[in-house]
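Two complexes follow with chain A in common, the first pairing it with chain B and the second with chain C.
Now for the complex of A and B:
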């Protein structure tokens, strides 16, 4: 079995399995917790209105803009680039379609009711490059800013690495970098994605699953207590 | 009287000097040599004595033999191939019966240490009776013939890497030549079948320089297997632009767009199909509208469906992922139950 076959086969099966185990473990572990009864009189009974915090926290607050602008801009640059590359690059869509076929016996349309178009490779390359640049910028910022450096731990740096690696290896595979064999670059890309999947549930990357639920819950609590969002 | 040289032989077959020099120049190019070396190839070929060649077809479909001997009309490549002294090839000599076996034994004795051994087909290591020739099993025959060979050419994917006979579940225990013979230089010329000019190119190099070509990590001549099909594919610009055929008869397919989505393995397949082409340079599979199936790569038959894109996973059965869902759910429920108990205890305390 060569490296690419290993990456496409056993490594993929194991990493996805670990990912599923970890994500279910953490999500069920949190969502099945008993919520503490709030015995106070609600100042605003329509607590659900607090769900708007999900959107509000996705945009910088004017009064803090000076301090958060860098993080906001880089955060958006990275996330948009990463997610568009992930979901709109033709080979990635083929991967998802294949997963859909495995799960439902049909294609994406059959499984989720719709499919989506792919973007030209030039746009994907540009967005990936922006994403890589943003990741490098936030790393440098983390390293030179004394406060951020002080509060950073292994999780921060390793999560950064496992996010950075698939982007770089993916771009290298697409560009057939430096004449390296495509199958080796593709294998490295898959293995880096698999490392990301394995680490995902156990580090800060898990925020992808919890962030909106956490914001919504916080918003509803705030709303009930009459706090300003 | 000594055996005629290759040059004498070709002249006797009516090959003109112009055709011969043209062949030498194109062979130099194929081998990645500077054009100036064409003259040296011509001189060396003219004077080269016809080497004795013993060809052993084992577990194979005769496609490799067909490719070399019948691919198209009489060409210089074929004549060069004729110009070797093919002393044994039992598929071609089947009618000769026992006499063919005597010819093999005689050639091995007369040219001990000097003959080239060509093997196509894989070697069964299970029951010796799976594949026999004139009562001899393949494994014994290979070991005997390899012992006195100057070098071995493993022709076709079966001989080079096990090929289709070696594909799962490999009922005959098929192995490639390289797993049996360890003490002789082996050149792998994979392909199902390999391109005719690749084998003649290897022979020309051997006749000209008296040595085998430079090989890659998988034992293939770099001159022919140095680049992927994708590297030299005329449809590559469509890949770069993200223009793919979705089915074999859609608008994209008619416009000649990239076949990546239809399972083309060109990006991971090293061969010269896109440049040398087939049927006297007419076309190659991608040009005919079908993706590359990666036939010159080890284990190509076991690398998933031929129409499964390269970017898709190999999931095996659903048990692994299904088990993961069950284990994850159980762990989550258990840890939540534990946390609830702690909550209750804390409130009670």
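Now for the complex of A and C:
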């Protein structure tokens, strides 16, 4: 078994399994905890309306923008670049279709009920490059900003690395980096994605799920009180 | 940080000081910021157990969600004025985050087995005492900033439970909480003192102040700061209630709304103090309990009271500003126009976290003042710097004064003639700041402003 076969076979299966089991374990470990009922008389009984905080908190209030603009802009830049590259790059969609066939014997449409278009490679390359640049900027910021430097730990740097690596290896594979066989580059790319999947449940990448729970919970508590969202 | 070791819990609280701009215990000659005799390991064990005891789904979701973006620093007045990263709100919870991951989170077994998170030590908790108590007013501005939506202020309150259980709270907070537990009031407003004051105020101001009525529709409570330092607020409450013809009373078995149990992290004391008011209201059949101009008293009863009681409260709970606004809305409270400009300082627990955002403004509108809003205002207004027990803590004075400059700048920028607020704790923080900086602005009470401008019914 060569490196690419390993990356496409057991490494992929194990990493996806660890990802799924790990994510479920961490989410259930939190959601199965008791939650005391709030017996106070609500100001606004329709607390569910506070779920709008999930959308509202996607951009800071005007009063907070000055001190946070860098983080917000860079955050959006690398998230958008990363996610668009992940889901709209033609080879990725083909890969998802392959996985779908492997799981259900049908294509994406058959497995999840819909398919989506891909974007031209030029746009994907540009967005990936923006994402890489933004990730480098946030790393530098984390290293030089006194607040971020103080509060950072291994998770912050390792999560950064496992996010950065697939972008760089993916761009390298796409560009057929001089002197390196494509198969090896592709294997590195797959392995870097698998590293991300393995780390995902254990570190802060989990915020991809918990962000909705945290914002939604606070939104409902605050809405119930009529407090500022 | 100064700290003694092994001071027993039975030590008597120190004397109070009433001749200063703020009411608090006299500056301690020696600080006792570690309470009780116990081995260090037990302190840590107690802190973590107590922290974890209250741990539910909400707190766990918060603990799992921080991405260390550091943006909360930008919302904190202590960071804003010092630019010291240790005042980053989420950093104030670091030992508790560490403990959560190691002892309680879904992967705790892995963290422990591989020692990925170190055990929290008593030294670390001692070091964090200053961050959790001196440099956090639990104002919740950071909770509005957090892009993950984490209510950091709520976690700080929870961390305080752990610190109290470990006997690691600032001496003054311990002392006033003990006073409240033993005497019924943290700042000397014992039932006897309160009764004497009511008699004196009633005579002096020629106002009827019902006390211990067996039946009343409304039970009023006061804060000890008002009773001891701003007695005009007691008179103002009586004047307004009498003016409205409300069936109301004070009761000696439940008049003290100040709840240092909440501020110190002593949950048992918090419940004890809450239940006094609940029981008094039930005893007189009150349909409404009106809380005084006190921010944390509002949080303690309005939002936490029923949970302490174990069932929904059998009466409405209103902050006095909400009550006044309701009376204005219903046309029952008519006020003379105050031909001045005013600016409103939003008490964090009443406005930002309490939800009574517009009520004080409705009352100010009825007073006809020209309202000059601060920037920022309402939910994002800066804290006075004295909430969460900080103003009672002498050790925090220097830092608190730095944050107070923010308020002075904000108020000066409005150009308003009257700074007004509806929290006695904010008010004494302003009085103290005013004296410290020899500032020529005086904070006013919304309640007293209303009482001074009642239109008496001609019929």
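The rule is short, and it goes like this: the second predicted complex is superposed on the first by the 229 of 229 C-alpha atoms of A that agree within 3 Å, B and C clash if a C-alpha of one lies under 4 Å from a C-alpha of the other, contacts with A are read in each partner's own complex, and residues count from 1 in each chain.
Definition applied: contacts are C-beta pairs under 8 Å (C-beta built on N, C-alpha and C of every residue); 3 or more make two chains touch, one makes a residue touch a chain.
Remember, it's a predicted structure, so these values are computed and weren't measured experimentally.
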Contacts for A:107 in the overlay, against chain B (first) and chain C (second): which applies, first, second, both or neither?
neither
Check the residue A:118 against both partner chains and state whether it touches chain B (first), chain C (second), both, or neither.
first
Return first, second, both or neither, reflecting whether A:8 touches chain B, chain C, both chains, or no partner chain.
first
Have a look at where A:60 lands relative to chain B and chain C in the superposition and call it first, second, both or neither.
second
Between chain B and chain C, whom does A:33 touch in the aligned arrangement: first, second, both, or neither?
both
Comparison of chain B and chain C by chain A residues contacted:
C
Look at A:17 in the shared chain and tell me whether it touches chain B only, chain C only, both, or neither; answer first, second, both or neither.
first
Does chain B (first) or chain C (second) touch A:25, or do both, or does neither?
both
With both complexes superposed on chain A, which partner does A:95 reach: first (chain B), second (chain C), both or neither?
first
Which parts of chain A are touched by chain B and by chain C alike?
25-26, 28-31, 33-34, 36
Contact set on chain B toward chain A in their complex:
228, 230-231, 239-242, 244, 260-261, 267-268, 298-299, 303-304, 308-316, 318, 320-321, 323-325, 327-329, 331-333, 335-337, 339-340, 343-344
Chain C - residues contacting chain A, complex
55-58, 60-62, 64-71, 73-75, 79, 83, 85-86, 88, 90-91, 94, 105-107, 110, 143-151, 302-307, 309-313, 316-317, 351-357, 375-376, 378-380
In the complex formed with chain B, which residues of chain A make contact?
1-2, 4-5, 8-9, 12-14, 16-18, 20-34, 36, 90-92, 94-95, 98-99, 102, 118-122, 124, 176, 181-183, 186
For the chain A and chain C complex, residues of the former touching the latter:
25-26, 28-31, 33-36, 38-41, 43, 53-54, 57-58, 60-61, 63-64, 66-68, 71-72, 75, 145-153, 155-156, 202, 204, 206-207, 210-211, 213-219, 221-222, 225-229
